[in-house]
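Letters are used for the chains, namely A, B, C and D, taken in the order the chains are written, and counting of residues starts over at 1 for each.
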Amino acid sequence: MFSNSSVSTKLFFALNSLQHRGQESGGMTVSDGEKLIRKKGQGLVIDIFKEDNLNALKGNLGIGHVSYTASRGNQDYNVEPLMGFAKKNEFSIAFDGNIVNHQILRTRLEEEGIMFQTSIATEVILFLIARYYNGYIVDAIKKAMKVIKGSYSAVLLMNNKMVAFRDPMGIRPLTIGYNDNDVIVASENAANEILGMTNTRDILPGEIVEVTKDGIKSFFLEGPKKPRHCIFEYVYVAREDATLDKVNAYNFRRRCGEYLYLESPCDVDLVVPVPDSGIPSAIGFSQEGKIPFATGLVKNRYMGRSFIKPTQELRELSVKLKLNPLKTVLEGKRIALIDDSIVRGTTSANLIKRIREAGATEVHMRITSPPVCYPCYYGIDTPSRKNLIAANLSIEEIREKIDADSLAFISPDAFQRATLIREDRYCKACFDGNYPVDPIII
Amino acid sequence: MFSNSSVSTKLFFALNSLQHRGQESGGMTVSDGEKLIRKKGQGLVIDIFKEDNLNALKGNLGIGHVSYTASRGNQDYNVEPLMGFAKKNEFSIAFDGNIVNHQILRTRLEEEGIMFQTSIATEVILFLIARYYNGYIVDAIKKAMKVIKGSYSAVLLMNNKMVAFRDPMGIRPLTIGYNDNDVIVASENAANEILGMTNTRDILPGEIVEVTKDGIKSFFLEGPKKPRHCIFEYVYVAREDATLDKVNAYNFRRRCGEYLYLESPCDVDLVVPVPDSGIPSAIGFSQEGKIPFATGLVKNRYMGRSFIKPTQELRELSVKLKLNPLKTVLEGKRIALIDDSIVRGTTSANLIKRIREAGATEVHMRITSPPVCYPCYYGIDTPSRKNLIAANLSIEEIREKIDADSLAFISPDAFQRATLIREDRYCKACFDGNYPVDPIII
Amino acid sequence: MFSNSSVSTKLFFALNSLQHRGQESGGMTVSDGEKLIRKKGQGLVIDIFKEDNLNALKGNLGIGHVSYTASRGNQDYNVEPLMGFAKKNEFSIAFDGNIVNHQILRTRLEEEGIMFQTSIATEVILFLIARYYNGYIVDAIKKAMKVIKGSYSAVLLMNNKMVAFRDPMGIRPLTIGYNDNDVIVASENAANEILGMTNTRDILPGEIVEVTKDGIKSFFLEGPKKPRHCIFEYVYVAREDATLDKVNAYNFRRRCGEYLYLESPCDVDLVVPVPDSGIPSAIGFSQEGKIPFATGLVKNRYMGRSFIKPTQELRELSVKLKLNPLKTVLEGKRIALIDDSIVRGTTSANLIKRIREAGATEVHMRITSPPVCYPCYYGIDTPSRKNLIAANLSIEEIREKIDADSLAFISPDAFQRATLIREDRYCKACFDGNYPVDPIII
Amino acid sequence: MFSNSSVSTKLFFALNSLQHRGQESGGMTVSDGEKLIRKKGQGLVIDIFKEDNLNALKGNLGIGHVSYTASRGNQDYNVEPLMGFAKKNEFSIAFDGNIVNHQILRTRLEEEGIMFQTSIATEVILFLIARYYNGYIVDAIKKAMKVIKGSYSAVLLMNNKMVAFRDPMGIRPLTIGYNDNDVIVASENAANEILGMTNTRDILPGEIVEVTKDGIKSFFLEGPKKPRHCIFEYVYVAREDATLDKVNAYNFRRRCGEYLYLESPCDVDLVVPVPDSGIPSAIGFSQEGKIPFATGLVKNRYMGRSFIKPTQELRELSVKLKLNPLKTVLEGKRIALIDDSIVRGTTSANLIKRIREAGATEVHMRITSPPVCYPCYYGIDTPSRKNLIAANLSIEEIREKIDADSLAFISPDAFQRATLIREDRYCKACFDGNYPVDPIII
């Protein structure tokens, strides 16, 4: 982001509002106008940045990142932002997405004699930009964008500017907000809102936005393609207050719940959401079905990070701690349990077991997205096909496995309609296998 | 708690499940059968206890505590459990509540030549117990209970036993859970449940429970009084899965919402809760009124602890970060905003202002408890009378101040009925000024 | 200390200069004129106090402490300063020494109904002072001093003054330094010197010094006794730049080395000290004997705190890391090894073994204090008699056990003369068993 | 290092013994046979590595590093070891020295399209090795060694081997130690000794040593050059127990002291070293001159790291804390002050001032190395020429500036003789400007 005042504390708040997108590590790079200073670490944003090190990150331009370390092999070198130095220029980059030709590009570069210092795609992108850079950063980014394939929303920092860019199909979200003093680019508009940005819009597919103290300039990669926004953002990833590419996550989820009831009603006493992403859908399901909505599972808000798990017994305790069935609500009741998706099926099975133990007499599971049958190659952390329960079992077999009284998924058609966008401009590859960018599996 | 296996990791999980009762400091004392070892610290339970220090806390008996440092003057010596040594005995205590004759007892003891080492009532209780102890801890506790007046739920640890005791009116909650291997006493049953206790009950008003490796023994202070459970636990303090003294917090809140609608309906498009405690009430209000329930405020789950607040601007950011109005839900809508209480009125005013900015056309505030007109002397952190808005302004004046289109509180009668208990066995002093134990204001 | 400017950072530096007196825990209490604020912790002073918490300790009056946790049972409650509240007064105390009638006083008080909250004598002293306090703190301290027996140098903090007091025989050291703006009381003058105190003197045996913003007042307990300063301070405890009760540690050690040579010369090639306390003595021995002085053992300066010791092998590594024999110096040489004392004998045996492995052909051990035959009851951490090698074996037996070619201790007479003070005003109980204050062994 | 047992704890101890070579940051990379895991951080080795993260660094092969962050711009990306990935190989490197053609190589590579991620030469070396690697790591290293110019001692880790290599002139030290189970390569033999290596030797100039579980193989770059070992290692950098390239630091320093007396005697009462590096020289000076040796400056061992320095006053306190003049030793005495070198002159001036304040009547400064007139380009952190006092002032002018009664440096001839090596195989560029490798100043 850019700010007329010091940027690091504002970035701290912005990163905090995006903490749900990654809780295990984070970092920030700030430019003081002459050079970049970076600070990275493990844990939540509030654990990494303290008053003294925020003060040390002086400057009006900065970028930040939060991530799951797990998806990065728990290696410190994979924590972003990355740094790059080339021809007297300093670069830093933070990235969300996945580059499907990452390994091919990397192998080709390695054969050419390039050494990498992380195992993440971000480094390849930064490398290409730095290599193409010839005084005009937007040109360098355009060249890099022509080479990399996949999903990406990224911010690049130099000593006097920040440049944001989004892949030509807009798979991963990216927004920009500004007011008289500040400009912020972020994955979700929550960051913009808490910083009081009066204007907020999506960065468009293929758009490149350059932010300097003099203002914002927009550029486009030639030949825009049909957008293919990740629909799973609305299902699970984004916070419910996110409005990404004109679709609001909360409303989308609510409508999914409504349509799901219309398609697969059930005769129950209560509609119970799996928090947090299941809540809006359960509201919709409940309202459409005129069945009372109820909080039947209580979430422990203070156990974000997994911790000590020496024995199997304690591992189970740790899971229990996160979600506690509310006996007095569930006892003697037939319930519809609303969840956003079933991936491996193990969580659902465990949950239904505990809900039954708490006294529910029937558990009808309703899933507000279609069966996940294909892995994601664009940045969502899904397991391989053999671990996707819906890729291997029929719906009836899944129902049996998770021990539900009935099980239904939303239909692909209703799912699309829930966006309220006529045209299908979404990537739904995890559901239908139609990969907008060919995955390259090595 | 007692466990046939090591107690410290289980206590860690139990304290975690009670983290909502105090997020700023915590501690644990464990007995290895011969001596007590204590570890205290600042922050969340997961920040204070790490694998190595949990391993160092060896033993089968232990107690723990979480607290708000703020209510303790931010002084390290006020973090519990406290330790006491007397006549070759080691004691440790953790306490919830407030002793109204604390200052009188303390002054009297000070005049007698006693020095204190903290500024909290817990120390006076521990002192009395240690003084009265003559080989029979239950007798000592009984003697102390006859002297101290107020609300208290406490656990006392010695090298070979743990004793829990609750004040004669049962003002503060206390539960006990057990299975074949473990016994746990906790403020709320969530702790028991996540540890898999198959039997759970309330510790009764005036009950004293002694837990050793040989089992559980129950004692009673003579002359049980009419119970006066803190009703505010159900309103706000306890987590919604708590069932305390036969009343479940979730159901109570839901019923309050229902009755509130019946008493003070309003013609709106949406019912919006202030999370988290307003959620069940909003569900009840919505269902009774047949008005759609909606999530209109999104809570940031990762900003539990307040942090850096150098400037007014950043202080406001920090508040914004905690609760973000959901524009797409609120825009153009008339809403009923359901909150558990109004204390100072500043939070409500700020919230309504931001909800209007997000586009709501009308905001009708509904409060699921009566006006808070009197300070609590039994452990709830309320300000003095002059800062209680309802003690100083009429409802209409409050409405004007917080800029609501309408404002209504639940009636005392409906509030009582929401417990489903016929008899009024509750302390509602903060609402009606009927203090079950005379507050002694010095 | 008192300072016209903020006291906490100066205390930080002072505590750092006294770090050699205790490396495992520390703390500080500061008065802002109205109330006391305390901060305690584990580790070195630089680990406990950071910029932010020093800033939070605002005030012009403060006290601090460093200690060995080990001697305090590794219990957090035994870390000083302690706090006390009595009759609207706040007290904090930091203490060095040992009270021989501590257990008697404590037992008596316990029988009277007093509970303690630590296991250290400091608490008993603070308790007595608080009990006797009646508006005149010096009177209260005098009364306490009449009751407690043993060695003590202590500083007591109230909201508007600091009072230092020293036992009537001056067993433990205590100095005071002042300039126009600051007054500091410390165990050793190093603290005064680094803070630039232009005037420094010993606090006298039985002296009580009251420090306020208005200056320093001195009081005396009636009936001063013959001083019995701990001679072991000069031998080992104090840093070599300490001048305590007119005797400088460096010069004392050097003279002990000289006299030791005169009494027990040996025909060797090199004089090698065991660092750090053996260095001045080895210089004296070398100069008197005209035998070259050499550094034969190199100390690792970065391994102050013991750390991980999972296996016996690693435990030995940890010891090795602290002291490395310098092969090129020792090889083929006959050496005189100068150490300050032999307590258990195990360290000497280990060291001589490693010196021989490094190639020394003869190792003649010379000890600059007489054999330690009696435990200390005044604050030095010595083992019980059965673990004192000199209490159980003859000098020849010790020599055999540690495998030295010869072994000699300084004579008691020379040892006394090394102080350059005619009169024997020292406690040498660990050497001769003449306890100036009857030890009370329970 | 390689170990048949787990390597991380042994590396921890080894790094600790080399802590004097860099106190501000450190790191370790360990191979579990399949992949490398790295952990880096700020502070002392004991602060960075705790029991749990040492346990996480599983494997039999590992490398580590300690460094001054200051010389690395306080940037986290410059903390070593670095990681590199190329053609399915993982590399990690730790490096001591300086590459004089670093900027030229880097610029050339940058022009070729290479991006760097740190600002240190280590990265260029690693890059070249990774680029040249074709299955034979020793060949790749040889190729890299032909390109890089300057001083270097480095260890490279792959998943199944560690390779150490030293520049063809052996400017920076490097030793190897081994026993039946372990092999360790380290800058100084202290690391080998504390780990109990029974065999220790120097790695020779231009030597490349490959260590696998099967043993040690040695290779040489063709055409060995005349060695030019850094003589400043013996003067100041190495710990006194280091024996590097057949010369022992302690003995060298002692001889320098002897020769210095012979060349520049002075009529004084005491010989006082500036600790720690001045001690052996002061011993030599004292013995040759038959003038008593004395500890006149006491070093605070617990203030290794600089800390808070808000004001000029506190900054001075921090300096004072490190070295305290021993009044009782210095008072009324004429002293010879022995230091290893004069760089900027400010420290000497400050020290002499404080020694005079402590009562010394005359201060004759004797420096055990020749005047430092030229900056080092091979890894020693010296300032630029304009800040080297001896490059700008005559000896008499320096004497005046530092206010010494007399000042003398050792002669270059005596300095060389102190090595006891006939042939001049040393780099003395900082003294005589004869740079063995042309410095390239950009």
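The working rule: a residue touches a chain if its C-beta (ideal position, glycine included) is under 8 Å from a C-beta of that chain, and two chains touch if they have at least 3 such contacts.
Since the structure is predicted, the reported quantities are computational estimates derived from the model, not experimental observations.
Enquirer: State the pair with the higher C-beta contact count; candidates are A-C and A-D.
Expert: A-D
Enquirer: Could you state the distance in Å from the CA-based centre of chain C to that of chain D?
Expert: Once rounded, the distance between the two centres reads 35 Å.
Enquirer: Measure off the straight-line distance from the CA centroid of chain A to the CA centroid of chain C, and report it in whole Å.
Expert: Here the centre of chain C sits 59 Å away from the centre of chain A.
Enquirer: Counting only Cα atoms for the centres, state how far chain A is from chain D in Å.
Expert: Computed from C-alpha means, the inter-chain centre distance equals 47 Å.
Enquirer: Could you tell me which residues belong to chain B and also touch two or more other chains?
Expert: As it turns out, chain B has residues touching two or more other chains at 50-51.
Enquirer: Thinking of each chain as a vertex joined to the chains it touches, would you call that graph a line, ring, star, complete, or other?
Expert: Contact map by chain: complete.
Enquirer: Hey, which residues of chain C end up touching chain D in the complex?
Expert: Residues of chain C touching chain D: 9-10, 12-13, 16-17, 19-20, 23, 44-47, 50-51, 54, 190, 193-196, 239-241, 243, 248, 250-251, 254, 276, 279-280, 283, 286-287, 292-295, 298, 300-305, 307-308, 310, 314, 317-318, 320-321, 324-329.
Enquirer: Quick check on the complex: what are the chain A residues that touch chain D?
Expert: 37-40, 75-77, 82-87, 91, 107, 110-111, 113-119, 126-127, 130-131
Enquirer: Which residues, counting only chain B, touch chain D once they are in their complex?
Expert: Its residues touching chain D are 50-52.
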